[in-house]
């Protein structure tokens, strides 16, 4: 209970801060244009982008929760899945079939990773596994581009990409963002169900707490790893489709992973709700800061603002918003 | 054995209560430790013994009660404060620095006594080197004392369990502590290793006059070594007194000794 | 035999005829040179000759202050420690007599020597020895004062007659100041003919005897050894054998003081191998079992090496077997072989010598027992100049030495400088030399029985000179017996042949006045254990392992080979082993079955295991026995077992007895 | 096999605690130094010195810095590039603001300024650990690069955002930066600095501070209990690590490339250095050099290898394959030997010392 109260307080404070700073800034400086509808427009745009961050962060959380591995290659998986999808599509495979194929490929990839990378490294320190995922990142980046080329490709799913006016025509929101957020939301909810109400899902949660316990319910560790990596692969594909149709499928998709990291810090590595709320905060915060604060300090702060925001949180809650508190035993 | 003369009270735990969330770990525990004493804390698993040590050297901060150490009363110790004031300890689960050799582990135990600064150490000339040599000598005396010459340069990760325990004791000794907290130093040892360890504990107490607080499960060892014994059970203090008195205490027999029989 | 002309002017002058004088001489002529080192607190702490003199001086004066007089006996007990060696020198500086004791002897044994030798003072290593002496002192209050080296655990020992060596030296320095000239005067007062030291021989039967040796005995013999082998002041030796043993006294004390070379004391028993490698001695001495253990270790470790390494190792060891000793002895070897050997030296021999710490050795001796020819040749083929030595405490070690270039594994070489050797009609070896002892302490009968009026000493060993003029030792003379059919029976000879197999740790042969030869075998737990592990044989300990049929098969193979070997010997071909058993218990010095120097006490064993011996000759396949044993902590208990007995294969004699 | 150690005993603690305790190792090191300082400058082409040895040495220095922080003190950092950039820009500002300042001082001060930056970004390390910290260090990476890009002051308002090193000489006209500098002079200058700091780092890690770092790395709670204070210890690691990275950045900008833009120190640079210490060996001075050598040479090898076997592969494809090979190698090394080339070297040495025995 206490933890949730804390989180609520922090969230409230964050929102207030986000509103207060630009408001004050607008008051102080004539360079900055501040109006409430505009503020909300920016905030909502940010929140919708945040849902997409959440999607990538979710992939991290799944793997971390089930295997304790900080999977740095989540971004590379996003890129790889999107590249594969578009590549197959370009080869003449219909888009829905291409999606099915790509899904299958992501599952195969999960099996291969478990077999080639994770199994030999079982029982190694976490930091070693982390670095191994950096290796996977490089490999996948290289592999995907070797296979499908590195030029920017377009992915068109037919989702309208035009701004629409909402809330009485006051606020401008991109339809695509709405659709993407919707899909992401559905995925998140179904994952939550998967974890909460299926046998495998519960087993996965058990693994995160105690490997022995997981073994005792009869699921071999290697299967669990394959499952989480496959699920993470699917999440990556969804993220890849969303981001890919928004930005075009290109190398920069891999960098989205870097965006998801602050989300993780904020939400905690082990918390699905954390990934969602963290994503929203980062998404909104980043956009607001870019629009309202950046002009004061030279602009282009998107690159690091999310990190600084997360860092500021960390200093107060080292385990993230929803992460479990670590009691050190000696 | 010679006649034992115990000095003044060096440490006084007064009404210590500690809980983690809803879990009560220690409940109003009070006892004192005299200079030069070997003081044992016994009790079944989960009785709060290790937590008591953690309170004494500042890892855990009790919600109630106070610790008086060398005349200063504190609600809670800070970890480095405890170390700086001459409290050293070993751990129930070995907590050595696995990547380092026996020698380096014990050398690390002397970190508080090293005065040269980073620049001097980078140049490794003059004061820094002189200090290294001085402390190496001290550490060698400890190695000699614990009879671990043959494993001096072995990485501790490669050592058998009993030896690791010994190295850990060496690291604690390197600080030349006034008060030594030993958390099950003989757990998991064979008879021969236990005998060696008992001898070391007695010798440390004897040669250096170090006050020792000992947690141990082996009742034979406890009865042989200790001057006085505190008995804990689920965080509650059941008894406190000399070994033979404690042994015949009915509450203790019921809660603890009876169980182990 | 002929005396060498260099002897009289060897480093030497007539007046340097005692150790105190030699010590003063070294402190003066090579004062800054390192005399001793000890690995202590992680590094090799060193004492120069002048520092040694200072310490000896302080200690001697301290002893004097405590009332030590000329002629008093000073017991020295402990591991090889510089300050114990200094204790010896200090006693000698006062005209006293050091009596080193075996540090691992139990109180009872020690009490006998202390009483027998009239010991009044003792310099000991640590609490362990102090405790023993305190116990002895309760019975025998003649011990006036004890000084100890290591104060650990002795803080609360409150006795007026117990002090640390430091304290003793402190008193000594005061005494020295108060009595100027005392030390010089007393250090120079003894002469060559005076008693230098008393060494107790362990003796296979009865109580040990104190062998009294004069300075001339020790110093002339030591010097002759130095001359014969060309040793210099630059040698490094490792002092790791018991100080009470004459060998250690000669090599680590006497020769060091005569030649001025450096003695190194290891850190502890557990680190000897490391310390050996660190020091890399140039002059080395070890009884056969040390070489044996080392070889066993080499073989065990090589078992785990990669295939390529094993191939390399075996290939080059085969080569070494063929040409190694020949090259060492400067005999003719083809250029190709020589080149190949050089390659082997780079790849295998050199590294092996280095890892064993024997890389710098110029001269290594082995003595005390016969060494297995395989073992002996192994080291020689690696290029290590190891030689056999035949000696006795009574002759201050040197009787015969193998000369360079004439090393035959089955003989002990030719007489050392100034030593005459002859064979008595009974077959016993006799010698006469400058090292011949003064007397057995307080035992004129034994002295007279051993030493003739004109200085010949009965060695107690049976032997003969081979055609090449080298002495060959068969066995202890009194042990050499006859089978009922009159065939010569040399038990030790047979036992040694068995012990040359790494699987056999000890063997005891019976046969004197019996129909045929039978033996007890002790397996080597490490070697056989390893062998068993590689075959996946499970075993719980020595008793279990010794009883396994597979192990019996293994030992049978060894016994058969010995029999085959014996069948070639004209004298001993008929004493082939008929029946054998693997003893259920390891023979132990603590049970009196071995001497402290690990020689088997045959008659004692025969008595103790009488039922087994009976069973061997009764032809039964199995025998039940219960034995009382002493455990390490001093308790005693009973050990019961059913011991199996096997028959050995017999070979028809190859050579006819002449 | 090659070692002959019998008879090498230590009579003093100095000797026992020396960096190279085996005589043959000392010879080897001496030979290496002679080769590095005399032979290589004499026989190497300008191409080798300028495009291989210089980046190798400079990146090795950066790797050394990161290894102090990550390999010794156990604080995973992904911000190396940012600190190198700080060193580069600090050096540039110093050299242009104080034209008379000696090159050596410029570089040293640049390192000092970077150390201060490292100190600031190290502060969160007291509260946050492991991956959280790794991500936090990314923040410094992005923030610093953004800062140098954004504020003209750092580039003296150069339009392109590129900084160029003014010509500077060690003494007289032996220039080590700018157009007059010869490859040999640059090489020797960088080599001297790198050797000097490698030695200093070795001294640190074998002293008390090094043991404290390793203690914090191996078991921080035990370290604290024996009296090691977390914040100063970690901050010292951050400061010293960034000091070295700063110097490396300054050398990179001034001596190696001559002119540089902040993007040269982007997050990929950080990963490159991290790979060096993974492949080279965490917690090893030699590892930094081995890893740097490997990572510098591998692309050259990959770029040339197809030509040697007569293949003509497009540059893009090669760079993709390079990525794959890097990734695969990282995984390979982690699986085969998580402690990298330095450990392999160590094992080889142990084997040689024990030869012919296996243990």
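Labels for the chains are A, B, C and D, by order of writing; each one numbers its residues from 1.
Simple rule for what comes next: a contact is a pair of C-beta atoms (placed from the backbone, for glycine too) under 8 Å apart; a residue touches a chain by one contact, two chains touch by 3 or more.
Since the model is a prediction, treat every value here as computed from it, not as a measurement.
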Selected interface, B-D versus B-C, where C-beta contact pairs are more numerous: B-D
Identity of the most central chain, Cα criterion: B
Whole-Å separation of chain centres (CA-atom averages), subunit A against subunit C: 77
CA centroid of subunit B to CA centroid of subunit C, Å: 45
Whole-Å gap separating subunit B and subunit D, where each centre is the average of the chain's CA atoms: 41
Subunit C and subunit D: spacing of chain centres that average the CA atoms, whole Å: 57
Per-residue multi-chain contacts in subunit B, two or more chains: 59, 91, 95, 136-137
Where subunit C touches two or more other chains at once, by residue number: 42-43
Interface hub residues of subunit A, defined as touching at least two other chains: 328, 330
Sites on subunit A touched by subunit D in the complex: 70, 116-117, 120-121, 124-128, 130-132, 134-143, 145-146, 150, 258, 261-262, 264-265, 269, 297-301, 303-304, 307-308, 310-311, 314-315, 318-320, 328, 330
Parts of subunit D lying in touch with subunit B, wherever the complex brings them together: 13-14, 16-17, 200-201, 203-204, 206-212, 214-215, 217-219, 221-229, 236, 240, 283
In the complex, subunit D residues that touch subunit C: 1, 3-13, 15-16, 353-359
Residues on subunit C engaged by subunit D in the complex (per definition of touch): 37, 39, 42-46, 236, 277-280, 298, 301-302, 304-306, 309, 312-313, 346-348, 350-360
List of subunit B residues in touch with subunit D within their complex: 57, 59, 79-80, 82-84, 88-89, 91, 95-100, 104, 107-112, 114, 116, 118, 121-124, 128-129, 131-133, 136-137, 171-172, 175
